[in-house]
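Each of the next two complexes has chain A plus one more chain, namely chain B in the first and chain C in the second.
On to the complex of A and B.
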């Protein structure tokens, strides 16, 4: 019978908390950049300009067709190499930066699709009404269409943020000390991997389950 | 005021408008009717450039709508439009619906815009609903707000695209009453509608369309007394039957 040994967890709590902080930083950055950049890509995709819309489609389909962990590794390996080759700069530790950038760009492609669907769910008559009042296309989009689209999208955007929060655990492949990485390494070091991973899993579960419950409540309120 | 000459429009191979020519003078009320799919809504949407057209010309106060160099937003700010499905902005309150274009497009101050909006809401009998959101109003009330919203821009002409078609029967009257009042005030109006009672009461002319063509364009009295074409006769007998 396996004997659980939880003794290494209390001592690791400060490190785990720091890891959680980094996890949240990556999540928040990727959500913020992803929503802003994703909105721009969604607008480009819906633009009548064929070049713009094709470029946006390429971006979205490209990022959505490769695993996130590969994007992370590419950034981790490519970008420092590139900087070194171009500027003859000594190797930099840009793991953190590459994690931020990779997640932001990756999430932007997912948010772009959610936002595009949101924009398209607002009836075309609303565009006509805005234009008929003398507003420009840009004003109509900004003042009439996007506010309605975002209101409808909030639950989806939050759900995507919860998925992203879990996906940040992937940065352990580039050796960053986010929550999962800290748990994994502490467990390895103390020979209590099973306990640490169970604990980490429980923390992820509590946070994500609470968040999705809140999203569900929100969804109900928006629907009314 | 509005002059439409030889306007043609195609959706792919399908011709929706065919050599349409007519005029609306200042202060005139013109009703456009015809069976569904006859192109009447498309025609009225061409007037403020919401629908592009491939051939012909439309001028509104000597501004050419089809001309690429025309700033359509400037023209549209001066021509009010009321839609079949109201198209109020659901995320804004009634008063904000009336002020947003005034402040953004006409650069009125918030105070001026609000004063104007309240005056117009009073005119359509909805001053008590200023702070509500559109979803809290009935269809008839929403359409009256939409009319007030268009009027808030001090338009030189008003376009109505089947303003009562989406309404329950008991709400049609409250909207038509407002429109009759506008007609009596001398506002230039082009109205796509099946409401023949309204046409009889206030229209100077009736245009009858079928298959993208203007088949009849005659003074109201003549149109109802002796429709010139068999198609218009059929149409009238069908909708006046009940």
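On to the complex of A and C.
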């Protein structure tokens, strides 16, 4: 029978906490940028301008048809070249920057689809009412459609944020010290990989399970 | 960007490979084969296990539905990468008798494949279970009652009445789950399985042409996606039900 050895976890807790901080930073940045940029893309996709809506569709379908691992690797090699071309100097820690950019742009494509569905779920009469009241198209969208759409979308946006929180573990492929990366390296160093992996899994489970339970409660309360 | 685009040289794929296995195009083919094989095999597990769990969650009684709920919560709330590492590094050590067989009798490639297969299969099963459950719950409750009233037992009611309709209702969401399996299979590159995304890294290492390798692999993923979507569309058309959204009039 396997003998567990949990002794390396207490000492590693400060590093694991730092890793969790980075995980949360990536998650929050990607959610914030993703929602804002995703809203713009969703609006572009719904726009009557054919060029704009096709470009937005290309963006969304492009990102959604490629694995996140590939997107991370792409930005890992693209961003340095881009920065060098733009600013003519080698950046310091490009891995961090590439991870932030990759997650933000990747999540924007998923948020765009959620937001588009949210906007389309608002009944068309609301648009007509806004226009009939003398509002411009832009005002109707901003003051009438989007507030209702976002209220409906909140649970979905939060669920996507939980998925994103789990997906941040993939920055392992570019070697960043986020929560999972720290846990893996600690386990590898001390020969306690089994314990550290189980511990990491348990931490993710507790956080995500709690968060999704809260989201479910919220969904019941703000049901329109 | 323009400089990069001008410097692309795709003839690198036709150069003879360092290990004498043909040219580097062969690398892409091998990666593609593993990705497709892994995705299809994992999908078979996911579909079978997911259907069983999903049905469990809709059964009367207490034990089976809560077992189904526990399964779904565990597999949905732990990241895929962590699950993969647990299948690959932890399970062989923890399950008595399995470790020695896994580590000594299987070659590394089979070890990686087996771990990735089980991981993807059981991970996706949790998602399929949710779709199956919502499909069954979307049917009017009269369907179940009618089946039982006709003298079918519970198993027959599910097999002959509920599931045939439920599956046809959830074909679109199952399609997107299958697309997710293909994308998620890229995670297997982290334990060294030579599937498509791993080959992009290997090609970069061996040919030093990272842009060409990444572009080729990305396009291949997009191509698989397109093929599956076209296939799914014709499947959806042939399985459509009248009276449901997008169904026949």
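Everything below uses one rule, namely that the second predicted complex is superposed on the first by the 211 of 224 C-alpha atoms of A that agree within 3 Å, B and C clash if a C-alpha of one lies under 4 Å from a C-alpha of the other, contacts with A are read in each partner's own complex, and residues count from 1 in each chain.
One rule holds for everything that comes next: a contact is a pair of C-beta atoms (placed from the backbone, for glycine too) under 8 Å apart; a residue touches a chain by one contact, two chains touch by 3 or more.
Model, not experiment: these values are computed from the prediction.
Contacts of A:151 after superposition on the shared chain: chain B is touched, whereas chain C is not. Once the two complexes are overlaid on the shared chain, A:143 sits against chain B while remaining clear of chain C. Contacts of A:222 after superposition on the shared chain: neither chain B nor chain C is touched.
When chain A is checked against chain B and against chain C, the one touching more of its residues turns out to be C. Once the two complexes are overlaid on the shared chain, A:197 sits against chain C while remaining clear of chain B. Look at A:131: by the touch rule set out above, it reaches chain B but stays clear of chain C. By the touch criterion stated above, A:36 is placed in contact with neither chain B nor chain C. In the superposed model, A:13 lies in contact with neither chain B nor chain C. Of the two partner chains placed by superposition, only chain C is touched by A:74; chain B is not. Those residues of chain A whose C-beta lies close enough to touch chain B in the complex are 123, 125-126, 128-136, 139, 143-144, 147-148, 151. Against chain A, the residues of chain C that register as touching in their complex are 1, 3-4, 73-74, 76-83, 85-86, 89-90, 93-94, 96, 179, 183-187, 189-190, 197, 200-201, 204, 210-211, 214, 217-218, 221-222, 225-226. If you check the complex, the residues on chain A that touch chain C are 1-2, 62, 65-70, 73-74, 77, 81-82, 85, 166-167, 169-170, 172-173, 180, 184, 193-194, 197-198, 200-201, 204-205, 208-209, 212.
Residues of chain B that touch chain A in their complex: 45, 48, 50, 72-74, 76-81, 83, 85, 87-91, 100-101, 104-106, 149-150, 153.
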